[in-house]
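Got some structures for you, see below.
Below, chain A partners chain B and then partners chain C, in two separate complexes.
Entry: the complex of A and B
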């Protein structure tokens, strides 16, 4: 049993894109605040910034995601392959964006942040796929 | 074995634009034989691309049957249609649908990856198609480093790598100058001869019809034969 093709393609797109690199740099820089700033609201602020960072990372590679969804649809990718792509891209960016939150070592808040990050990424990626799917059905020529 | 690769029976398709219903395909009936090259000609907005997408299983007709190599697409669910697109019907859109972040090799490999072919077999199949398409030496380039004609050949290669029974090409020469267009049409002829693939080409350029076995005209959503050739 090989690797699910959706996962493989997602990893290629992410490491050749710019989103995860920008996300990694900003997440690492935010570690400073996480480690050295002792404020009661800092973790909640980092959770929000983390989600925004993940969304930005996904959006910065939106051209690549668009063309991949188009190619997958034309080439006969099953819905499960597309979902594997969406989940892989969302989870990978979510974990990277989680770096400054995890540094605070609060498990519940980390899990909440992971859920928020994942939701933010999926809410961008899945509708993108649906738009591409619709683009291949409703044009009239 | 089926002599008829594509059978369209009483196919209708309409779209709603606002409150207005526009019928794009009206009672389309056609049969394309195995190994035949068909040209469908018509102006923009005549429904050619819609017809192609229905044959590819990318959208469903409102009425009528679409039977591809014996499979009635109306009886298939999303997963079934995906499998048809992955193994029996290949569709080449007008904009080629290539992924700029992936290399030529990786673009061509996509359908085989999707169908779960192992790496060794994938490398062999993709390398053979690259050789056949005259793309040797370009495997590690991305589409942005290729000419228009080369990108078209990558799109054809990706469509061919699964050795489909039916190849659908939407305006394959629209973005090319005429000398490159001739090369692409000759390539389709070779594919038809070497693989016995049924090829359906949609075009608004009447010169392209010189290369096909049979020409059909899309007039107000219906197909009419224009120049039957023997």
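Entry: the complex of A and C
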């Protein structure tokens, strides 16, 4: 059973971009608040910052994501490859951004934060792909 | 006198200037009107340019995220200040006690607190420790006793606190050496007055370091209480009535737990409770006494928290603005055509971002001050000022500085000519195409070939098998040189979807080139044999 090429491309792009590193640094800094600040509202604030952090990480690598989408589209990649790319990139960034929330050890809020992060990342990546697809289709016709 | 002279000089100079302005305006009326029209056009065109620059900038979602990030980090800073201001802990030595104590500034209705107390858990003992605004007189048979304070204790605790005395709702206790055992009328109700050894009352404490008698002030860390003969002690219920409440009220709560029982206590609920009713809570975990209060001064922890949140917001703001760099260059390339200078654009964008960040930060500060209070707002201000300073300085130098030369990587390519003696031109091209078809490192994706008597060409596009997204384009033009020799012009270029280094691209180029030339060389030699 082989690995979906989209997943490998996503890992490669994230590894070579700066977004994941920034995300990791900020998640590590946010751990201070998770571990040392025992305030009732701190977790909600961390969830918001985590989502913004993930969105920033995706947007900071937007050039690389655009290039990959162009390449995938031009090379006639299967839709499953594109979806694999979007899901892998979104999930990876979501999990890294989730670190400060998970450190508070609240299962329900961690799951909520994961879904918010994933939605934020996907809502940036997938419309980007659709825009590129539309642009290339209109260029051909 | 001097004032009058100064005003006269000022009026004279003003009138002189006004007359000259009117004169010059009359003399060059037409020229001035034209200049004003030009100036208006200039100003309106600048406004339109500025609007276009800023509109192009505002439309990017990444800017919106950056602007959300600053208030979020300020709130983070504010929240952590609230926490670090309200909790202090110290080692008090082994006590063997695991208990919670909450003190309220004013009496609070028991019914109002009941739900909160149930959520905290454990069995609560409710007390009233109340100091009267002005003293009251307790009239006995032959004397008047001034009373300054009232203490209400739960009946089940009286045995322990009052040296074995069993208290009831109709009993008042006074800490005096005089022996009293009489009935007094207080606020319309009859009560029996009992005297007790003052030492017992003065020694009694409801929690670690908290005496039974209400604290009037502190001398250093030592509490100062009213004398025990000036304080009436009764049950919590009677005390509530005596201070004028129709329903039971309390000012102090203690909850005792067994070892490990405090782990399940809802500290969040306690924090909310003391914040709401302006109280102080203490948690004693054997040797550690934690004090939670709504007051305090900024601490080292709160400063660290402000610096970390400033760092986070600065990093995110910078990253988002760096991501906006291509958009800035696009705007500049458009506006550069109408004569906008790079420094002009840099200044314009820096001022715009600076004003935007300042407005958002100030509004957030005002809201934080309103919701979290002055200490949190102070910490948020530290976060805000550091972030703004770093961001404005760095974006001015690095992000919006469009005059910085951008290095664009050039694709690796090579061009060379080859002359082969005494061979058929079309056969050479045919052999090249066969070589490409059977190539182990490169997969042939596209091939065009045409060969005529006077010349021919071959175009091939290959994919590098070992890695995704790398390919080679080959163009070969053939022609006849003198003496029937065939001249081949090779044009090979390597492309990559990803941004590979020049050395990587060149090594792929060399591999392709060597495979091509080697194959051709072997073919020529085999033909000669």
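Some points to look at:
Convention: the second predicted complex is superposed on the first by the 138 of 141 C-alpha atoms of A that agree within 3 Å, B and C clash if a C-alpha of one lies under 4 Å from a C-alpha of the other, contacts with A are read in each partner's own complex, and residues count from 1 in each chain.
Just so we're on the same page, a residue touches a chain if its C-beta (ideal position, glycine included) is under 8 Å from a C-beta of that chain, and two chains touch if they have at least 3 such contacts.
Quick caveat: nothing in here was measured; it's all calculated off a predicted structure.
Overlap between chain B and chain C is detected when the two structures are superposed via chain A. More chain A residues lie in contact with C than with the other chain of the pair chain B and chain C.
Of the two partner chains placed around the shared chain by superposition, chain B and chain C are both touched by A:71.
In the superposition on chain A, A:62 contacts chain C only, with no contact to chain B. Touch criterion not met for A:86: it reaches neither chain B nor chain C. In the superposition on chain A, A:52 makes contact with chain C only, while chain B stays out of contact range. In the overlay built on the shared chain, the residue A:16 is in contact with chain B and with chain C.
By the document's definition of touching, of the two partners only chain C reaches A:29; chain B does not. Within the superposed three-chain model, A:43 lies out of touch with both chain B and chain C [touch as defined at top].
Chain A residues 5, 8-9, 12, 16, 63, 67-68, 71 lie at the interface with chain B in one structure and with chain C in the other.
Interface residues of chain A, counted against chain C in their complex, comprise 5, 8-9, 12, 16, 18-19, 22, 25-26, 29-30, 32-33, 36-42, 45-46, 48-49, 52-53, 55-56, 59-60, 62-63, 67-68, 71, 124. On chain C, the positions that touch chain A within their shared complex are 61-62, 65-66, 68-69, 72-73, 75-76, 79-80, 82-84, 87, 267-268, 271-272, 301, 304-305, 308, 311-312, 315-316, 319-320, 322-323, 326, 468-469, 497-498. If you check the complex, the residues on chain B that touch chain A are 15, 22, 24, 44-50, 53, 56, 58-59, 78-79, 82-87, 91, 93, 97-102, 106-107, 110-111, 113-116, 118-119, 158. By the touch criterion stated above, chain A contacts chain B in their complex at residues 2, 5, 8-9, 12-13, 16-17, 63-64, 67-68, 70-79, 81, 136-141.
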